[in-house]
Amino acid sequence: MRPSLLVAALLGLTPIASARSQDTVRFTPTVGHPTFAVREPVLRIKPNTVLISNTMHGAYYTREGGPFPGEVGPFYVEGATTNDMLVVRIIRVMPNTGLAAANVSGGFGGLQSDSRLRLLNEPIPSRRYLWELDTTRMVGRTTLPDSRQQSIEIDLKPMLGRVAVAPRGQEAFGGLWPGDFGGNMDAPEVREGTTVYLPVFHEGAYLYFGDGHARQGEGEVAGTGLETSMSVILHVDLVKGKRIDWPRLEDAQHIMVAGSGRPLIDAFRIAHVELVEWLQEYGFGKWDAYALLGQVAENTVANVVDPAYTVVAKFPKRFLPR
Amino acid sequence: MRPSLLVAALLGLTPIASARSQDTVRFTPTVGHPTFAVREPVLRIKPNTVLISNTMHGAYYTREGGPFPGEVGPFYVEGATTNDMLVVRIIRVMPNTGLAAANVSGGFGGLQSDSRLRLLNEPIPSRRYLWELDTTRMVGRTTLPDSRQQSIEIDLKPMLGRVAVAPRGQEAFGGLWPGDFGGNMDAPEVREGTTVYLPVFHEGAYLYFGDGHARQGEGEVAGTGLETSMSVILHVDLVKGKRIDWPRLEDAQHIMVAGSGRPLIDAFRIAHVELVEWLQEYGFGKWDAYALLGQVAENTVANVVDPAYTVVAKFPKRFLPR
Amino acid sequence: MRPSLLVAALLGLTPIASARSQDTVRFTPTVGHPTFAVREPVLRIKPNTVLISNTMHGAYYTREGGPFPGEVGPFYVEGATTNDMLVVRIIRVMPNTGLAAANVSGGFGGLQSDSRLRLLNEPIPSRRYLWELDTTRMVGRTTLPDSRQQSIEIDLKPMLGRVAVAPRGQEAFGGLWPGDFGGNMDAPEVREGTTVYLPVFHEGAYLYFGDGHARQGEGEVAGTGLETSMSVILHVDLVKGKRIDWPRLEDAQHIMVAGSGRPLIDAFRIAHVELVEWLQEYGFGKWDAYALLGQVAENTVANVVDPAYTVVAKFPKRFLPR
Amino acid sequence: MRPSLLVAALLGLTPIASARSQDTVRFTPTVGHPTFAVREPVLRIKPNTVLISNTMHGAYYTREGGPFPGEVGPFYVEGATTNDMLVVRIIRVMPNTGLAAANVSGGFGGLQSDSRLRLLNEPIPSRRYLWELDTTRMVGRTTLPDSRQQSIEIDLKPMLGRVAVAPRGQEAFGGLWPGDFGGNMDAPEVREGTTVYLPVFHEGAYLYFGDGHARQGEGEVAGTGLETSMSVILHVDLVKGKRIDWPRLEDAQHIMVAGSGRPLIDAFRIAHVELVEWLQEYGFGKWDAYALLGQVAENTVANVVDPAYTVVAKFPKRFLPR
């Protein structure tokens, strides 16, 4: 049995793209990068590759103020051109340590002043929560220092905060940024079973990933998820001759678009207008698609803390033409 | 059997507030009002009343450009003061005609220029969709004039766009407005099984309701839901000595806050900050509550078309202290 | 000499609309209203009337927490219909007491959290500044409790925060609101020598004015101007058969539009799009007008504290066709 | 006479920083860069240097769709560290060709849909205006194809759209971006006689400049100014041990801060909060400074078209302590 088929079998998946030759690649990152940008690739992979790897681990997860370990990548996807769409199927995202950290911080968060919402109010106090992760029971537990209830246990829903290609031209966005290149979308929907479609702005696409969250609330309002390192399996592929403007997502229930921008309504509109365009590809007229979104659209405000906010617009697949 | 218990039995509900005397009132509205404001009440009711009524029907639902029939109410709730919280339990919301209307309009909508997002672009074209409603099968069907697929059928999820008290002082907001007084929140969560808690700004509260949607997408992006008239059963009650700042919602799964404002991020923040305050009432510390929302909050952008946008912030009840 | 001509002479003005009969009316308000709305007029006046009056005085100006005295009006302008434009020429705005008050407040302001920008930060402290006004030298002086410099003297630039007609239909907006009906625009440009043009939404227009500021910074960032009561002389007139969508202003240098809304960019766009339309009335093509604004427009953010923000877009009259 | 003193004399300026040794450097750029970022410097200069140069010329200015020639720089300023403030005094900005171009574009502009304000409306049409520049009379003239008035002449007010240092870390922002690093602020205030103070994020600062506008309206609403190439003379200096967060400007009348961000209110708040901090450096208490801004602040919305908007907050120097 070929390793890729083995992976597929272990995960209970139908073999992907079985007609084409599938590679399976194991990659252990040794360096994390602070920006999404064109730079020397860490690896060249072919389309239709199962990439078995992990996010970077580092002090960010283990001590207060520790530096963020950065993004894994870039992976140069052979044959990818600016006329193509990159396909990243999330096969596995699973915490690989027993601890996650989450912060409330005077300098960063969605319900408070910070460096972008600059006000005369005093900043809020900073506080760090350590969460013990149990990946057998798939729960996390932390203490609540100021609550009647001393601790809390919640179920885990592991996700990747960041999946990206290199942005346009010579631009280099810090790891906190989401955009049309993907990046730090911080969307809980980027989890096992979801496929992420990304535009390609450079030959080779330059795929990055990182920023695992054992769980994250919609909006990521306090500024972080349950930040931890992850074992990751991605199936990376290419659709030739297909151009999109913004990251699209798909799972069993929905087709989705992740629009990012500030103000929040811009992210909302970007996501929904791109979704109208996607529906047109399914044969809906433009105004019919708009009217239909008015009745069946769903949405998630994914993050309200990053330099650009992210909104995920969703259309239930059961309303797509068969 | 008392009528209220009969209602409860018919609906399969536990009798509400059974220790206190419960009234059941049938009210057939004859006039709809264009604003939320203090005005001569249509009826005085006691706390702990089951109100069996319907929204106004009118030309708005049957012909293009027909005037909106307005809000039902105000109901003067005896004993309600500005120190209390009004409780409106949605027992029943069900379309009572076979037709709903939905518009795409050059003058109003979330993914386009309109009177508030005033731009130099040409307005989009207007179009009206008539939906046939089948409340036995609980589906709606319309034709899609410009799509490969000629028509579409979707399941119904009836809701009330508007539940309100009179706003502060002498202010009178048109029916399109949501705010801290409730109003046109256009939240799909305001459906059977949900309880709406409202602040009281005047003695008597002055309860209004209206604007039935047989279904509405999250965001109401195209400007309307499946607009139709509804049979409505509400249980109206009062919590004495309890003050809240913004409408709160509760169903079997979540406690929720509906924050309204422009820009969208303001609505988002209002909803989440009020939710932090609600969690504090459950014994969570302020920063613990914030931190926890960061991991388990859910949200819906309810509308992006009204004079104020509405965001519903949600906290899963399974994480509340027992 | 007729009183109106006397007024004109005293002010060094060319008699206004001398061909038509001009009235001069002295009106001393005894009651202030808390909303802009249709209500029983305090006076009926004809077009082409010089109205000599004053804003309400009250505890708001003399003690912390004193209630705002409300708006003067409404004046029913005979013959005004929804096809007409109301003309309000500001002939005189002059403080008529020796004191003005200005607040920094935990509950209201532009560089801080408040009831609309609701955050988890602690509110800022409140503080009240009393300003002594000298209308001979036209200066104001206050003490600066926390500054190296113990006090400061600034020149006065008296203005009216509020000039309004009754808004559409049965809506009633509290005195803090600006909108297409004018209202609390808080634009420093509404001063002696400026003409305010307002749309008319009801027969009779229902003119209101109030909220004198002996001076106010652009943006009114701390929440108030130098709040005081004013002697006011307005010339009220009508342009028949002329419809506008938003308040327009004109002085010796500029034609201007005051757009109000939230978010701030909406106010900005409303003001500039209406200005493009005004330029089209002067014979500029739509895209020429837009292009020209790109090179010669000026703007003021008038307020960032009211329920809707106000931006004044300006076009220099020297670039208008002769 | 040393060249720098010659320059000063020619311009009627007091010699700058005469106690220290002043360099005068002539630099003719041969390459323009598309991003603000750390890269190999084109030149190393000492603090207290008069830099005589010009912006890049290129096809952008002469034919529709021509590529933008990019930024001049980076100049490595010797001795600059992240504890210092870079000082860039604008001694001269003067068009050096007889032509400027300005666009109205379906893809970019402030009163229309574009790639960031993505809507379902059809885009507006594109149009290019060529302006003849007469730097003797200091006027520009263009034809107005759709206006009753066939052409228009306006006075020139040359400015630099972009003055920047390299942004933090490895980030690289495209030339359209403004930020705390300066960049494409598009503020008309960046003209002869104005000093720009910039924070330093890297040793050497990495100064860039470019994007000359023979004139530009406040807001740059249509997307461009009168775009042309410029002769530029800058005096570049350093204040050691002085840290600022955002670009500060100073001219004869005002101290100013240029805050950039989206939404517009964020840019507004950044500018004004930094201005409060600057006033504190002059000895004003924090709340006194806030209160005073409420009465005497002035502002300009500089651009509403770039990836971040820019607002300039101003405080009149006559109210500063002597």
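Read from first to last, the chains carry the letters A, B, C and D; within each, the first residue is number 1.
One rule holds for everything that comes next: a contact is a pair of C-beta atoms (placed from the backbone, for glycine too) under 8 Å apart; a residue touches a chain by one contact, two chains touch by 3 or more.
Values in this document were obtained by computation on a predicted structure and should not be read as measured data.
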item	value
Repeat of interface C-D, chosen from A-B, B-C or B-D - more than half of residue-number contact pairs shared	A-B
Between A-C and A-B, the pair joined by more C-beta contacts	A-B
Computed distance of Cα centres, subunit C from subunit A, in Å	49
Chain centre separation (subunit A, subunit D; CA means) in Å	36
Euclidean distance of C-alpha centroids - subunit A vs subunit B, Å	33
Where subunit A touches two or more other chains at once, by residue number	111, 119-120, 124, 263, 265, 269, 273, 276, 286, 290
Touching residues on subunit B, where the partner in the complex is subunit A	102, 104, 109-111, 124-125, 127, 129, 144-149, 152, 154, 215-226, 263-265, 268-269, 272-273, 276, 283-301, 304, 309, 311, 313, 319, 321
Touch list for subunit B against partner subunit C, complex	34-35, 37, 116-120, 168-174, 259, 261-263, 266, 269-270, 273-274, 276, 286, 290
Touching residues (chain side subunit D, partner subunit B) in the complex	111-113, 119-124, 263, 265
